[in-house]
Amino acid sequence: MTAWLLRRLVQAAFVVLAMTVILFIGLHVIGNPIDILISPEADQADRARAIAALGLDQPLWRQYALFLWGMLHGDLGRSFVFHEPALQLIGERLPATLELAVSAVLLAIVIGIPLGLYAGLYPNSLLGRSAMAGSILGFSLPTFWVGLMLIMLFAVRLGWLPSTGRGQTALLFGIRWSFLTRDGLAHLAMPAFNLALGNIALVLRLVRSGVRETLPLDYVRFARAKGLRPARVVGVHVMKNIMIPVVTVLGLEFGGTIAFSVVTESIFAWPGMGKLIIDSINVLDRPVIVAYLMIIVLMFVAINLVVDLLYTFLDPRVRLEDRG
Amino acid sequence: MTTVLDVRGLSTHFTTRAGIVRAVDDISFSVARGQVLGLVGESGSGKSVTGFSILGLIDPPGRIAAGRVLFHGVDLVALEERELRRLRGNRIAMIFQDPMMTLNPVLRIDTQMIETVRAHARVSHAEARTRARDALGMVGIASPEERLSAYPHQFSGGMRQRVAIAIALLHRPDLIIADEPTTALDVTIQAQILAEMQTLSREHGTAMIWITHDLSVVAGLADAIAVMYAGRIVETGSVGDVLDRPLHPYTHGLIGSVPSRNRRGARLRQIPGLTPSLLNLPAGCAFRGRCARADAACASDPPATEIAAGHVLRCFHPQLEVVA
Amino acid sequence: PPAARAQTLRVGASAPVTSIDPHYHTYSPNVSLDAHIYEPLVDMDAASRPIPRLALSWKLVDNTVWEFHLRPGVKFHNGEDFTAADVAYTIDRIPRVKNSPGSYAIYTKAISSVEVVDPHTIRLHTKQVYPLLPIDLTQVYIIPHTLGADPATEDFNSGKDAIGTGPFRFVSYKSGDRIEMDRNDNYWGPKPDWQHVSYRMIPNDAARTAALLSGDVDFIEAVPTTDVARLSHDKKLHLAETVSLRIIFLWLDHRGMTPHVTGPNGEKLDHNPLTDLRVRQALSMAINRNAIVDRIMQGAAIPSGQFLPKGSFSYVPGLNPPAYDPAKARQLLAAAGYPKGFRIELDGPNDRYVNDGKIIQAVGQMWSRIGVQTAVNAITWPSFIGQANKGAFSAFLLGWGTSSGEASNPLRSLIATRTPAKGWGAVNRGFYSNPKVDELLTTALATADDAAREKLLQQATTLAMDDVAFIPLHNQKNIWAMRAGLTYAARADETSRAQEVHPAK
Amino acid sequence: MSGMAEIAPAAPETPLQRFVRDFTSNRLAVGALVVVLLIALAAIFAPWITPQNPYDLAQLDIMDGRLPPGASSAAGMTYWLGTDDQGRDMLSGIIYGLRISLIVGIGSALIAGVVGSTLGLVAAYAGGRVETAIMRLVDLQLSFPAILVALMILAFLGKGIGNVMIALVLVEWARYARTARGAALVERRREYIEAAECLALPRWRVLFRHLLPNCLPPLIVIGTIQIARAITLEATLSFLGLGVPITEPSLGLLIANGYQYMLSGQYWISFYPGLALLLTIMAINLVGDQLRDVLNPRQQR
Amino acid sequence: MSEAMISLRAVSRQFGRHQDAAGRLARRVSRAFGAGACPEIVRAVDGVDLDIAPGEVVGLVGESGCGKSTLGRMVAGILPPSSGAVLWQGQDRAGLAPEALRAARLAVQMIFQDPYASLNPRLRVDAIVGEAPLVHGKVERAGLAAYVDAQLRRAGLDPADKRRYPHQFSGGQRQRIGIARALAVQPSMLVCDEAVAALDVSIQAQILNLFMDLRAELGLTYLFISHDLGVVEHLSDRVAIMYLGRIVEQAAVAEIFARPNHPYTQALLSEVPRIEARKRRFSAIKGELPSPLAPPAGCHFHPRCAHAMAVCRDVAPPLREVAPGHRSACHLNG
């Protein structure tokens, strides 16, 4: 067990290393943060001083070596822009994003799965057909567009929900969360739904397709022959068999939502990580980008690990022996 | 003797692109309390479909085209799905032919057994588990307690078959439809199971439809035999009638093909010709293409005629000589 | 409760603040926020003219010595008195702020030494004659010397060291989200109307407008030009606008060879047509500035022929943009030897200035119509600016905000011949060089007398513009929107100040 | 349906005929296919059918900008769907934009699908180090934001529609890989794979002919959705100047451009391109849904 | 026995707990959710030696779950043994070069016990049967359709149904598809795992005749796994009896049926149902069924054995020759 976890850990370390190398080279090629950050009125000396202050005067390999050295000491550097430890910056924003991502995935599960089941069981019913057609709306309209429409409708027209921001927060485990207060929940509703829309569609369609594949199989028929209630036949016998792609996709979407919910976050002025990374990319704030992507890559490694474990949970035939 | 099941003029058709497959075509038979009906016949002649039809488990593109299935006088074909569900697994149990595909691959054996118990009896989980374990023991699975928490793919073919049998036995049903239940069992285990079945039949009055190719088992177990060919029952009668005094040329051929009736190592006797595809059956007697005695009369449908008491035949040219 | 609400002003800002440390990063969103908490010696009024703030008055006592008389009775938020020591401390700190990506030292580097005369008099010595010092000091926010040696930027962000003399005191900062501030009840000047200010960052244009429409904020800056028409018709809202000091212009490459100009059929040219004045005039003349202002900017700009808008120091009266005249432009091209025009790539950012991408497309249309086949290429700022600095473009759009409010600043940074040692022409990305302009500028910068300096600057400006050093397009307007019942004196320097938002009388 | 029984078992159909017949059994899907074809035709023949070349700056005039649907230009041309802020005829713009969006969207989704699914299947089938390598690469890839990838591609390879597609493929392949692997992990344990191996079939054959078709249903779902995502992602990248040139807007870019005018009531600038996109995606999905049903032998007869 | 076509040398195969950590973790979590213990290691096949000569038909009979299918899979090269070696024509198959391995694999075909699970649900019958011969060049593309038809007909299927999918067939028809598939690649050895169990006797007769013809014509070798002792007796040259992972008796067919030596073999033969017997009373197993999870020490059969002695509980009896070519593992022979 420990050996296996260790192996995964070593692999994760390699992935992180690979990522940092790519980032150092890539960002170097994209441009020089000084060009963006420094006041255009600065003279050569100011410029040189700023470059030195950020350590950009060193050859790239040295910058990388310094970074590695820092990393070994738990220091991922400070943001060029904010002059705060990159990790701290990310840490401040992480709960907001996490909250948003979890809500979005939960919404996708509670709405997508039942609707998908229904559409699979009764493919020709009105609800089933509308769910399928409606789900197309969920992913073919750009997120920013839908987000704005939601704001126009629920905040401006109807005035039911606040338009932007995170609202009141309450403390839990020393972290501020919105979902604990009414106001916070009201602020959370629209962005979460906006983010969930695509995922709902995806889950719905996967479930429906799975149900259609599975329903005619012998073991479903046998389950019926045992006199089980349809809820159990569908909810257990069918569901458990079709969950692997759904879980895969949910894992991907969850990770993706945490990492890149940029559009939604900026439309709803949600102070999450997605905005941070985009802002950082825009000014080539390397320490933040590197630290951020390191966290994200570790998160994906972890999520995918959990998903892999879920596979063995869902289907005993999946064996992960010798699987990374 | 009370009639448990009375099938009248049952027809089940599958609509396919190439045409209608009349898998079951106007068959009638009945089974009384404590009685065992052996259903034998050509592979692909509609035995399994008959079983599914009785339980109302025919899925599109198949459908019951005609006929009635009276269970204790109630027509199952007309019964509502809810009512039917109460009977399935409880008063009528079916053992499916393909053990690999009938058990849900992702659910543990205990889950699949316990849910069957609890679908029809209000018992605690622990109680249900005990019953499941006992049933496993009854069908000759060693260390049932440990085996309960295994998954189907960890079982051998015969063990899976026994699980299916055990599930059928859980509720001491009035009627068991056993579709090739012991093909994958060695004779000592087979004997064990047949003994259990006999006990059940004797003590509980369970009626059975025993679909099999193993004529020797039917000979030892059944009270009556129905022989199917190409969707029709071509001969019915008591075991003695059919096995010792078969009249239909197909029954003759069948019995003649049993290896033990042939010299070791020699070519086995076989019925000449090829089983016709149900798609392009000739008009009239379906067997006439392979029948030595066929003549022009056979181009029309032979009616079911009662040759002797309880010995019904569909043939213009019964073959009276005794099989070798 | 409505009463409490009336006491609170919720501001929708358009860009994230990166730090509460007023000396960390020369970045306009920061400056905008800092003006709530801290104060400089000299401030700018709405039209960007210097006015006294913490200094009551200032004068040149010697060619290289400025004397400032400080306002007495001013207290910092922590109760300490404001004195000359604080000014000296601030000037001393600025060059030493750690890791500053854009140091405020550019505003203090002219100062060679600081002389505290008495608690309310301070003298600043410069190496050379430096008339711009008061203007530079408008960017220098004073912090108390009791913060000790080298206070850390984090301590400002946490609020510990966020202490100024401004009308509001810092309460909290949630990175990327909002800053909360309370009224400074001990403020020396007129008390703000707001007990509390919630300064929210809503960078997305549509979202910011929507937040105002839904009543989630009271006051927003940088109203998108697309929404101006609609908002101005809304009875529940009120708009305030003024011409900004920011000019949008096109750079043309003045080097002998240029990367993205080819002949009319795509053939390589052995010279750069843009070095020919007639070509530059033609390109400028071909642009219908009124159309751009009207159709693209939806009126939120004014066509421009020089660096600064009317009313600014060193504005040249009568120096207007050339009239739109495509026919004449064609003639000029033909005269310059390009009767069939040529091909050019017009580059620009598309996420930096208001409607930047659309403007270059429109210019592309107009140039195409005089036979200059224009390929328009808009890219995101980080890539764009890097390439622009490398001289990778032939013609490209940029903007320039003259924070000092006088032409010396753009002349020195944009137009003067590139001289890294002096810091001249630092962003002269068109590689323009005109010795006459340089000479005039040198003289102007050594002229302490405002009237004489203004003359020199006007001459230099006229010279550069007549030579089409770059093609000015327009000056943007700064537009604020607020709920009806509020007023705001729109500021040319783009900053949003809660203390200057008042309930309508 | 029962009418078919009367059809004598005629000459056996070719697989293609059968496929066509199966597909055409759903009228909605046929309608959708027609729409897809029409859209494709319109896109292909755009230069011949549009009233204006919306990519030729010399043909545009900002004085015609933001005209409502039905308005006419000074030159007398009618803008049936109005114009955008550059004075671009929306109808022409949409047809041209479709061209780019379809090429980029479908092209990149297809390439990413093929590459990703293959890698995912190989990972599941081969196991061991191969799988570890591929899956860690997936982890790595998943964590790169699209914009960063696009910026890097731009920096390394420069601009161009091909590079946009490379960026999109790079961003998207990992999803397919994980989905394919997830499905394949189960399927590869099934007995028919053993049977295929027993027949000593080449590995690639087992992979693509036996494993792949059984892993296909979720992949088709992802694929059809991914086309939509690719189109929107391309729009986002183009919007940031990392994609197609802004003077040659794709459908997504048209929407993104017009989006700013939603609040000011000039709805048509983003509404019609949005509608076109919706219609396209809907049609593609309906076709995809039907395809999935047709390819499912259980639904066949 | 260098002339053996395939020989098993102390081949074992175990399943179960020896899984990876992920599986263990998953299981541990699921246990936390209230499920009982999970199966321990199953020694499905335990040190089996077996030689099959070219052209020979070896019947493999045994209790259900004793490891016959597992053994068959190892012979067919689908499942690698946990220990021991499978020799193909005298060479360890694990050490063969890829090309040779491919040929060796192709030469041994398996007919699976579970017909449906072993058919690809997304391929039509003609593809299932025709793919491998085409790939391996056993037939030209032009002749493929005719070839497939012939294979189907030979297995007793009407070629008219060849464009159908597996789920559209009955159990017996599926099994015949499997037979046709295996035969279509013209193997030199067949592992028939309950190959005829789902067939009615007349078709069974047809298939068995086919097997015998193939043997006569092409010298095909068979490992014939079956519960139907009648079929085994009819077809086999030699019979091996398995019990709980071990071969307990091996002899020529006539010898076994005439003089069964091992008590399990004797029990088997006595339970064979006869078509002549009417309405007989079947009898339950006496004694305790041993579990492969915790196989009893010594002779695996002793809990059910009427002749069990003290030694049977402790010492596993080795296979001993009791007559020429007849070997049995029972202490009674000792």
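Chains: A, B, C, D and E, in written order; residue numbering restarts at 1 for each.
The rule is simple: a residue touches a chain if its C-beta (ideal position, glycine included) is under 8 Å from a C-beta of that chain, and two chains touch if they have at least 3 such contacts.
Owing to the predicted nature of the structure, the values given are computational and were not obtained by experimental measurement.
A.B. asks: Hop across touching chains from chain C and tell me the fewest hops that reach chain E.
C.D. replies: 2
A.B. asks: Tell me which has more C-beta contacts between its two chains, A-C or D-E.
C.D. replies: More C-beta contacts join the chains of A-C.
A.B. asks: Looking at CA centres, what chain is most distant from chain C?
C.D. replies: Ranked by distance of C-alpha centres from chain C, the top chain is B.
A.B. asks: Between chain B and chain E, tell me the centre distance in angstrom, where each centre is the average of that chain's C-alpha atoms.
C.D. replies: 26
A.B. asks: Which whole number of Å gives the spacing of the CA centres of chain B and chain C?
C.D. replies: The computed centroid separation for chain B versus chain C comes out at 90 Å.
A.B. asks: For chain C and chain D, what's the span in angstrom between their mean Cα positions?
C.D. replies: That gives a centre separation of 44 Å.
A.B. asks: From the C-alpha centre of chain A to that of chain E, how far is it in Å?
C.D. replies: About 50 Å separates the centre of chain A from that of chain E.
A.B. asks: If I count partner chains per residue in chain B, which residues reach a count of at least 2?
C.D. replies: Correct list: 14, 16, 18, 98, 100-101, 108, 153-154, 279-280.
A.B. asks: Two or more other chains in contact with one residue: find those residues in chain A.
C.D. replies: Those would be 30-31, 148, 152, 216-218, 281, 315, 317, 319, 322-323.
A.B. asks: Indicate the residues of chain E shared as contacts by at least two other chains.
C.D. replies: 114, 116-117, 160, 163, 167
A.B. asks: Can you tell me which positions in chain C touch chain A when the two form their complex?
C.D. replies: Counting only chain C, the residues touching chain A are 16, 18-19, 21, 24-26, 98-103, 105-106, 109, 153-154, 157, 174-178, 200-204, 206-207, 210-211, 213-216, 351, 380-383, 385-387, 389, 400, 409, 413, 420-423, 426-427.
A.B. asks: Can you list the residues on chain A that touch chain D in the complex?
C.D. replies: Of all residues in chain A, those touching chain D are 11-12, 14-15, 18-19, 26, 29-31, 132-133, 136-137, 139-145, 148-149, 152, 198, 201-202, 205-206, 209-210, 212-213, 216-217, 244-245, 247-249, 251-252, 255-256, 259-260, 262-263, 277-278, 281, 289, 293, 296-297, 299-301, 304, 307, 311, 315, 317-319, 322-324.
A.B. asks: Which positions of chain D touch chain C when the two form their complex?
C.D. replies: Touch list, chain D to chain C: 56-58, 60-63, 65-66, 85-87, 151, 154-155, 159, 239-242, 245-247, 259-266.
A.B. asks: Flag every residue of chain B that touches chain A in the complex, lowest number first.
C.D. replies: 52, 55, 57, 59, 85-90, 93-94, 96, 98, 101-108, 111, 115-116, 119-120, 151, 153-154, 164, 167
A.B. asks: Any idea which chain C residues touch chain D in the complex?
C.D. replies: Answer in residue numbers: 205-206, 209-210, 213, 224, 226-227, 229-230, 291-292, 295-296, 349-351, 357-358, 361-362, 364-365, 368-369, 373-380, 382-384.
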